[in-house]
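Some structures are shown below for you to check.
Here chain A shows up in two complexes: once beside chain B, once beside chain C.
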Partner chain A sequence: MVERQNLVASGYSRLTWLAIGLGFLIILAVSPLFLPRFFTYLLALILITGLVTTSLNIALGFGGMYQFHHAVFYGVGAYTVALMLTKTSLPPALGFILGPIVSGILALVMGMICVRLSKLYFGMLQLSLGSLVWVLVFRWYSFTGGDDGLHGVPVPKLISSVSGSYYFTLIVTVICLILMYVILNAPFGRILQAIRDNPERSESVGVQVRLHQLVTQVIAGFFAGVAGVLFVTVEGSTFPDMMSWTLSLEFLIMCLLGGWFTFLGPMLGATIIVSLRTLLGGYTEYWTMVLAIILMLLIFFLPEGVLGYFEGLYRRRSASLAEDR
Partner chain B sequence: MDFSTTITLNGLIQQFLVGLSRTTILFIVSSGLSLVLGVLRIPNVAHGSLYMIGAFLCYSISTLFGAGSTGFWLAVILAPLGVALISLAAERGLFCHLYDREHLMLLLFTFALMLLCRDAVKIIWGSNYRSLSPPEILQGSLSILGMPFPKYNLFLLGAGPVVALGLWFLIHRTKIGKISRAAAVDRDMVGAVGINVSWVFASVFVIGCFLAGLGGALVAPTQNITQGMDHTIIMEAFLIVIIGGLGNVWGALLGALIFGLTDSIGILVWPQFSIVFPYAVVVIVLIFRPKGLLKATW
Partner chain C sequence: MLSVIDLQKSFDQFKAVTKANLEVGQGEIVAVIGPNGAGKSTLFKLIGGHLKPDKGRIVFKGKDIAGLAPHQICRLGVSLSFQIVNVFHRLTVFENVQVAVLSRLRLALDLITPARGLAIEETQEILNSVGLTNVGNRVSGSLSHGEQKVLEIAIALGTNPELLILDEPTAGMSPEETFATIKLLEHLNADMGLTILFCEHDIELVFSFANKIMVMRQGISIVQGPPDEVRDNQQVREAYLGGAN
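Here is the complex of A and B:
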């Protein structure tokens, strides 16, 4: 577990990683100029899903909490901004700011109830609280539109076009990823990982375990809310399926697929699954079967995820090289 | 808000009975889930899919035998057995290699199984909904306090206690029940005294899944048999198991009663939000007793 604390596979210098990241960013920034509209939309969707799964992974992979119903925060962020834009005449910017904040507050309230317990009990408690939120949204036709959701949300002109919403998504996602990376590498993030690896010992050296977990919940909920807001920008609508349990489980799969002890793993997992769904969904209506088989193979043979596997491979190789020297 | 429906005593009693027959199905399904969770520690998300497969199998078997009474009774017996067979294959082929994994992995694994089952049902039975009528003796309704009450629901009211008694007998009076209770507390110790824990687990898993299939078969005549059945029931079953106490079968009974009755009484109070009531009650219970009402097995 100690080795996993390195967020980036060490070996390459920081500068190399920065250059790779910047190159990637430039590719993402210019790609709408070449790609057809549909693929730009798909890229935006991948970024958003990646942002949710990365925020989920703060609690799951780095915090060691069984975040069973993360989609609730994503959905609440989306519903907040959609309701603000459709039902009130307040400035749109306020809605965009309020979305993540409401998600964060919900995460705080739910977290206060849930962090009293740990592991499976935590997950079960979050599941039941989250499903109450879901059923309320699902039933409250006059307010949330019930199972139809809200459509035709008047997103401000500047960011409502395909490329406009894409750039907005890209910028916000990159900022959020940097923020999350900083948080996880700050003393707070290190303590969080210590709690994950050994809660009892952390407690005995004076760490306030429950408080740290609660703050983690708020952070994870907040960034999921940001992703929800971005979803409304791109899609112009919300629906209750955004906070269904099935979606929460899908997010968990993405984390597992990418590797939940790595920072960028969930993003990779989201990329793989969202692209698969879009590409395979065009050919067969049974694409979930493919997903199910991938997932089963993964759990049997690659429980640390794709990125986790390569990181492990890399670390073993550099360790043996060091021995040779 | 619509309070136009005045609440009469008769209406209340009738809703109570409706709630009880719903409770029966919920109890049968969630007791199986609880059993598997308590002994094997698998949060089986695919449990709802097995319930759905039970319902579809019940439909197919009873139409195969001419959709009459005999066909129905055969189906109620054979469909859960079919589900049990499927689960036996899943346990021996897949789950038995995964017992030492984390709960999260097991949860996701069963989720994969749920997706697989969903597509399998879509391939075998198509995406149309099916409906099945109850056998002739149980068709129509009886009048209770001047209100019509479907005979089939009365049958369900009788079936619930029979299943509960059967489970009690199985857990407290048979050898496998005793071993599985011991294995729930300390599985290594049970293995150390020379009992083949692997097969005990397999049989408990099969019994739990049999109950899911039985619930599906029994519910088949009361509602449309559709693709989305798995989704609703698994959520409800998990909530019931959580408020009852993980792994406690009697907790599942208590939870099912709370869930079924608040739902049906809620229809009288506030029809539009009736489904919200059970969820709200679950949350209130968990705020005060986060580990469930009765003692969890682990």
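Here is the complex of A and C:
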């Protein structure tokens, strides 16, 4: 009886959430018709950053892995497609597909080295290997353009305009979010969360923890690569800062701010930080100070992030409702 | 079913287990007792594969399992639960057990099927059998200590083991909870044919409940036998039960 009530309750809320999500999607779909070009561009940037942080959070919040250098997979995806489009005459579509795949392969290779270590050591090793990739890109002028990056990437006409690239970004981001949601709610995702909570115990119920973590790395790297590709579509350029460790840190902060135990938290965190940076960046060059203050407030008052905080409120309310019944 | 032969394990210079011998037969309830630091937990971790032995053999159903990885040992039908509470504290009680069942069904790498529709009945059955059905939707970290210890057993059952190894299953429980847990373990042994190996501080409990007792002291197994035999053993009296009586 208890079970049935719960099923009905969760079914109801699921429908509500679906309706809210659809409404949101419609707003996002029509907004370029009303917004100035700059804000359409900003929205695209938010979606891309949200996609990277959500992919980061698969490893961080759901997998409990210290994913300290996620930007590397983002940057490598971007460079792959940019190089394919500028230096080869292969069909552009191939570059768009290869971007995420190369990121996934890099994640596999780095993962094979890193997942042997646990926790902090994993993070530090990832940071150093990632920095190695960054140095390579930064120094190899003839191939990657060095610290100048690659500019004027010939993105196909259909998706190179502001609204064209926006719609491409929106569609791809939504598809990726759905895929990640499905993965996290499949047995794979559930067991991943079990590993986060207790790797030792997971092993003793028969889970191959290292293998599971390696697959997680590949998935997270792949979706970060997708975001990198989208960035090239929107900006038409890449630069080495895309894989700097400071950007990785920013992504981490976005996850923590939004709520790293929730699925949409990182997207919210990315929205807040990218908007603030763009809006405040116009007034002050000390934007990082604002970031620092946000971070301190976050640690003291919202340790579970913004969305995590509201989810906790919601859960407590439904719990008390359930008791009343 | 399980034989441990001359097992040895040291950490740096310290020999935690020097010479452990243990026989567990099909369908038995075997207890390991001994003072603190006797090497009981280390012995269990060696059997479960969480530690690799330096020397000696661990034979389970005719197969040497010493040095295998924990997940391989689990697949063979051995399930270990730990001394400290060791649940998946952010998952619900239901999900805790479901994870074990999903892993056993080899669905760990399934990326597509929604997990909320999988292994429902089996998980529910296990929760029923240990009496956690009514807290199934609670986050396991919010359960009482006693409930979490029972959940430990439920998770272990999710892997459908033949041999259940429990490191102090009733540690920190109230007398009522202890009684209920013992009843549960007796039920699992008698009705579901589970072989149980456990260690415990409460001597009274051990002597009333186990078919066979192994006594360890400073990493060495002194004696193994039925409760009466162990009670009368002179060495055990000196080592553990206190020479006074």
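Note that in this section the second predicted complex is superposed on the first by the 313 of 325 C-alpha atoms of A that agree within 3 Å, B and C clash if a C-alpha of one lies under 4 Å from a C-alpha of the other, contacts with A are read in each partner's own complex, and residues count from 1 in each chain.
Note that contacts are C-beta pairs under 8 Å (C-beta built on N, C-alpha and C of every residue); 3 or more make two chains touch, one makes a residue touch a chain.
Quick caveat, the model's predicted, so the values are computed rather than measured.
By the touch criterion defined above, A:Q208 reaches chain C but does not reach chain B. Contact with neither chain B nor chain C is seen for A:F310 once the two complexes are overlaid on the shared chain. Touch counts on chain A: comparing chain C and chain B, the chain ahead is B.
Of the two partner chains, chain C is the only one touched by A:F261; chain B is not. Contacts of A:Y181 after superposition: neither chain B nor chain C is touched. Shared-chain residue A:Q193: touches chain C; no touch with chain B. Using the contact criterion defined above for the overlaid structures, shared-chain residue A:A292 touches chain B, although it does not reach chain C. Touching of chain A by both chain B and chain C, each in its own complex, is seen for no residue at all. The touching residues of chain C, counted against chain A in their complex, run 48-50, 69-71, 74-75, 79-82, 86-91, 95-96, 98-100, 102-104, 107-116, 118, 134, 136-137, 155-156, 158-159. Those residues of chain A that touch chain B in the complex are listed here as 66, 68, 113, 116-117, 119-121, 123-125, 127-129, 131-132, 135-136, 139-141, 245-246, 249, 252-253, 256, 285-286, 288-289, 291-293, 295-296, 299-300, 303. Chain B meets chain A in the complex at residues 43, 45, 94, 97-98, 101, 103-105, 107-109, 111-113, 115-116, 118-120, 122-123, 231, 235, 238-239, 242-243, 246, 272-273, 275-276, 279-280, 282-283, 286-287, 290-291. Residue ranges of chain A in contact with chain C, taken from their complex: 2-3, 6, 182-183, 185-191, 193-194, 196-198, 200-209, 211-212, 215, 261.
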